[in-house]
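Next come two complexes, and both contain subunit A; in the first it sits with subunit B, in the second with subunit C.
Coming up: the complex of A and B.
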């Protein structure tokens, strides 16, 4: 019972920021009705336009890459997937920072262009935002598409050929049934990511909703306006989810004959060109830019030390409540029947909310309900819990689902109480999941930009905040170290998760 | 009290469905009861009720003379001292063989003895996922025995094993249970398993306990046609009761086991091994014969009725030929199906 109550409490957290945003927005000039003003309409158009543009381009590119990687006899095929997925380790605001720094007059590419007689390029506005966000989000659309194609039965292609289809038509016939859903789910994930992303549009100076909210909050200090904009952003997120009919992409795993491999013949090596091109703009250019700045700024290590200790400090405070919360929610969601699953879904909502919105709502709530807490850690920890407990739950639920109820029952018949059975049997078995959850929370805390900017207690910092400050002040050398460290952290995490997945699959 | 396990009028419902209906049964100290029934007959639920993994809706359960389950009372499983061997074995994957067995052990000093009993001493430090199915089975049994249980409950203990392993493990488990003089209840859908392991058999169907007795008794004198078919292969014949209290079929006149049903036309049931080749018997036509080594299964036909018989050794008659047969011993007579 106490477990269930705790889980309900965690689920209820999600309602706090949204509720207080609604209250605060209603109090401003014009009340909630102000949302209907034309200026808001323009904001929505700008954000939605960016989201849809990035979504369409990224999904199309991802589809092409997925077909090359999974349905074609590509040379070096096994290397291709990690290369295409690598940008996942580069948060898009880090990529944006890298492009801004690299193309600045003193940056490696700025100097290269100057040497070629080309004037300085300032990566700003809609086009550059689309470009950087597409490079960052292609893997998000690529993964479901690749998984779907990997499940296609190669016999379908052969059947289509024997029934008189040309090679290309046979390929299309085999792929079509699986691609629709996978492409849609990839598209939705990209759009959701794009419209909620603050760092990238702020660094590239495109006035999408998140950037406007941030400025309303900090620069103009107009809380009611910020609250209204944040509500609009939430509505936009919900709209995308509802219109797309959820984000789950569960393709039925059918009986599978041979894998699908379309023979390209001599064009095989040509097929490497688009993959190499993508790796160049999405991974190599940003890394080169950051490394170049790091090398030519000897003093960058000092600031890094402060950012690392700051991130560790924040993570240490966030990780315990988040992981405990994740364990509780995972147990209730996995073992609590229908009510438990519903609760799990409510907690998941937090993951879809932009960090900026959650932080704004909690800061409003703290000011209202408990002003003494406003400058402390409480709103920050709650924000991180709302955002990242769902990540932890996902990591733990996987392990928990592999523990059949009969194991706990066996422990009970052997003399262990319910609680002892959990501590002696269930928890040790799901320990890898719990550790993964902790790692995810630590890394996500270091990476989260929007929420950290708004409600990190005064004097505290994280890697993401340090990077942001350095870019704002055009001290690109100081941005390079935290940026590279963030990339390294995310790369290590995804490597570890990948290996664990392989280990579990091998069992 | 000499009964270790007593069920009195036990009823369990899941929603509107009654899965165990008014079941009463006793198991004496050191006795082994097999609960036989098809899947969905409520036999596994009965086991879970005894272990305290489910609460009951009516009746009561006593373990070693203490009331442990009533509709108002549910002594939790950890305080019942029941050793449960799960169908999936439910071994703890994060623990070694020895740690699994020691999990609920009362007396750790006797672990060595238990490992010896199930012949796992050389594998004591192994991780359980490296064990074969038979070894896992034995760990599960040793783990249940290690807590010195008042009763051992085995839920389809051989269902997850190869057919070749089953027989062997059946004998081993039987030996281990008797070596410990453990009271045990075994749930199975396999009649031969039930007969081989238990000194009493309870037949369940759709939540109800249909018959309860020694294996020989249940096999030879099934109370209904359904129990007859659940406990082994049967030969069915149409029969007519005679004035002498016997029954006449196309194979002659036979004594009836137990009271005759109150019908003139009845369904006569015999076991295949009761049909024997007999020079003075009724000629039947051989349809099919399958040589099985020690015996030969033969399908014969007479007056449109198809019968299964099991002849010792080799039957010389080829399909299409006639062979004279008769029924040895008394038969069962049930109300017409």
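Coming up: the complex of A and C.
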């Protein structure tokens, strides 16, 4: 029972920021009704427009890339997937920073353009935001699509061919049944990511909702305005989730024949061009820009020490409550029947909420209920729990599902108490999942920007915050070191997770 | 719930006999601790605050941040704020807090350290340093002859896409408040939207503007005078210079960083806070500001920063600095003209 209560408590955390935002918004000029003002309408149009545009383009590109990687006889096929997925290690605000720094007059590409007689290019506004967000989000849509295509039945293609379909038509016939669902789930993930993202639109100066909320928080003088905008953003996120009917990308793992391989003939080598192009703009250009600035600014490593210790400090404070919370929720969600699964889904909502909104709500809550907490770690830790417990749950649930409840029952018939059975039998088996959850929380803390900017206790910093400060002051050289370190961390993490995934699959 | 519980505890404890008041010697023995909200960066004021702690035996808990954000925080916290002292980048923020009744009056001997026009009419804040709005430019790319006489000229096609400003910055906002006083809301709104139409570029920080000018990203930047010197200290060949617009131009507003003590602070904290304000106005600290940050000292007899015209010889627009508290009006105007979201 105490476990269930704790899990309910964690799920209820999500309600605190949203509830307090509503209270605060209602107090401002015009009350909650002010949300219906036309200026809010424009904000919604801008944010939703950005989200849908990025969603459509990223999903279309991802579909193309997934077909090339999985359904045709591409040369160097084994290398293609890691290359396309690599940008997952580059948070989109890091990519945005890299483009801004690289194209600035003293940056490597700015100087290149000036040499060609082209005036300064300013990466900003809607178009650039779409460009950078698409480059960063293609892998999010690519992964479910590739997985779906990998499950396509090659025999279906052969059957269509024998029935007289053209090769293209036969390919379409084989792909259609699995792609719709995967494309939709990829699209929804991209849209949710895009409308919640603060760093990218702020750095690229596009007035989407998160940038406006941040501005209102800093200097609107009346946080009711920020609270109202934040509620609008929450509504938008929920709307996307409801309309799209969730983001689960599970596809039937039915029997299948041989894998599909469409033979391109000589065009195989041409098919490498789009992949190379994507790798160039999504990975190589940002990395080149950052490395060039790092080399040019020998002192940029100096400030890194503080950012690294700051990130470790913050992570050390956040990791234990988050992982304990994740274990509790995972157990309840996995073993608690229908109610448990519902609870798991409520906790999952936190992952879709923008960090900025969670932090704003918690700051209002702290100022109201316990002002003495405002300047401390409590609101920050709660925000990180709301955002990252779902990540931990996902990591732990997988290994927990592999432990049959009968194992614990056996331990209990041998005289162990329920608690002993859990500690001695179940926990050792799920330990890899718990460690993965801890690693995810540590890296996510270093990477998180929106909430950290608002409620990290005074005097504290993280890699992401250090990068943000340097970009705001246009000290691009000093942005390069934390940016590259963030990329390295994320790359190591995804490599480790991939390895673990392969090991588990081999088991 | 927790607040209710605490309130309930309080009621109960009031039934008991009052606790003995701390003896004056007892409170003197432990160093008092006060919270300072500083809209000025740690790099600039950190060493000065540390020296104050040492000399006066007062412990300071400092929260650094943007002036506007800290002013907003003080408004949200109201009477429950832990802060005793607010160090502001500009007079707009302390003016706005004065209008909401959040600042206490300062003793006359502290106020009298600076000339009358550099302190609040209502005695709620006192200027610490002076800074002048300037236009920063790169001498290698823009000749003196090309420079505009007034900020009002920056809406001309010649400057299209070549000017930078920081609309979220408190110093910029108080400059706009000054322009509203000098030219009226309508003319200011027109200037703002014309600037926006002319492709004026947004920056988050003044320092970024100075860098962008030196790098050739933009030709001119609207900033405070002293940012430039931070860059010149690191690199004497740094390609940027300050240009002062003509006398009485809204672009040559003299603004102040200022200090105020919160009305919500208890007597002991207010006393320590007042000590801090007096310390910032001591001759030695004023001279340090001039030397380290190239800001104008406000106390008579302390020399202006090297190479700068004395403050008394500048000809800013005739604006009463105590009247620049209508930050909300300025923010509304910036929103209406689409300069800020």
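Everything that follows uses one rule, which is that the second predicted complex is superposed on the first by the 506 of 507 C-alpha atoms of A that agree within 3 Å, B and C clash if a C-alpha of one lies under 4 Å from a C-alpha of the other, contacts with A are read in each partner's own complex, and residues count from 1 in each chain.
Heads up, the rule we're going with is that contacts are C-beta pairs under 8 Å (C-beta built on N, C-alpha and C of every residue); 3 or more make two chains touch, one makes a residue touch a chain.
These figures come from a predicted structure and were not determined experimentally.
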Fit-or-clash call for subunit B and subunit C when the two complexes are aligned on subunit A: fit
First (subunit B), second (subunit C), both or neither touched by A:429: first
Partner chain(s) touched by A:411 [first = subunit B, second = subunit C, both, neither]: first
Partner, of subunit C and subunit B, that touches more residues belonging to subunit A: C
Touched partner set for A:488, first subunit B, second subunit C, both or neither: neither
Which of subunit B and subunit C A:118 touches, first, second, both or neither: neither
Partner chain(s) touched by A:367 [first = subunit B, second = subunit C, both, neither]: second
Which of subunit B and subunit C A:5 touches, first, second, both or neither: neither
Contacts of A:218 with subunit B and subunit C, given as first, second, both or neither: second
Shortest CA-CA distance in Å separating subunit B from subunit C in the superposed model: 39
Residues on subunit A lying within both footprints (that of subunit B and that of subunit C): none
Complex interface listing, subunit C residues touching subunit A: 2-3, 62-66, 68-69, 71-72, 75-77, 80-82, 96, 168, 170, 173, 201-205, 207-208, 211-212, 215-217, 327-328, 331, 340-341
Touching residues (chain side subunit A, partner subunit C) in the complex: 43, 104-106, 120, 122, 205, 207, 211-212, 215-223, 364, 367, 369-372, 374-375, 458-459, 472-475
Contact set on subunit A toward subunit B in their complex: 404, 406-407, 409-418, 420, 424-425, 428-429, 431, 507
Of all residues in subunit B, those that touch subunit A in their complex: 51-53, 76-84, 86-88, 90, 92-94, 103-104, 129, 143-144, 147, 153
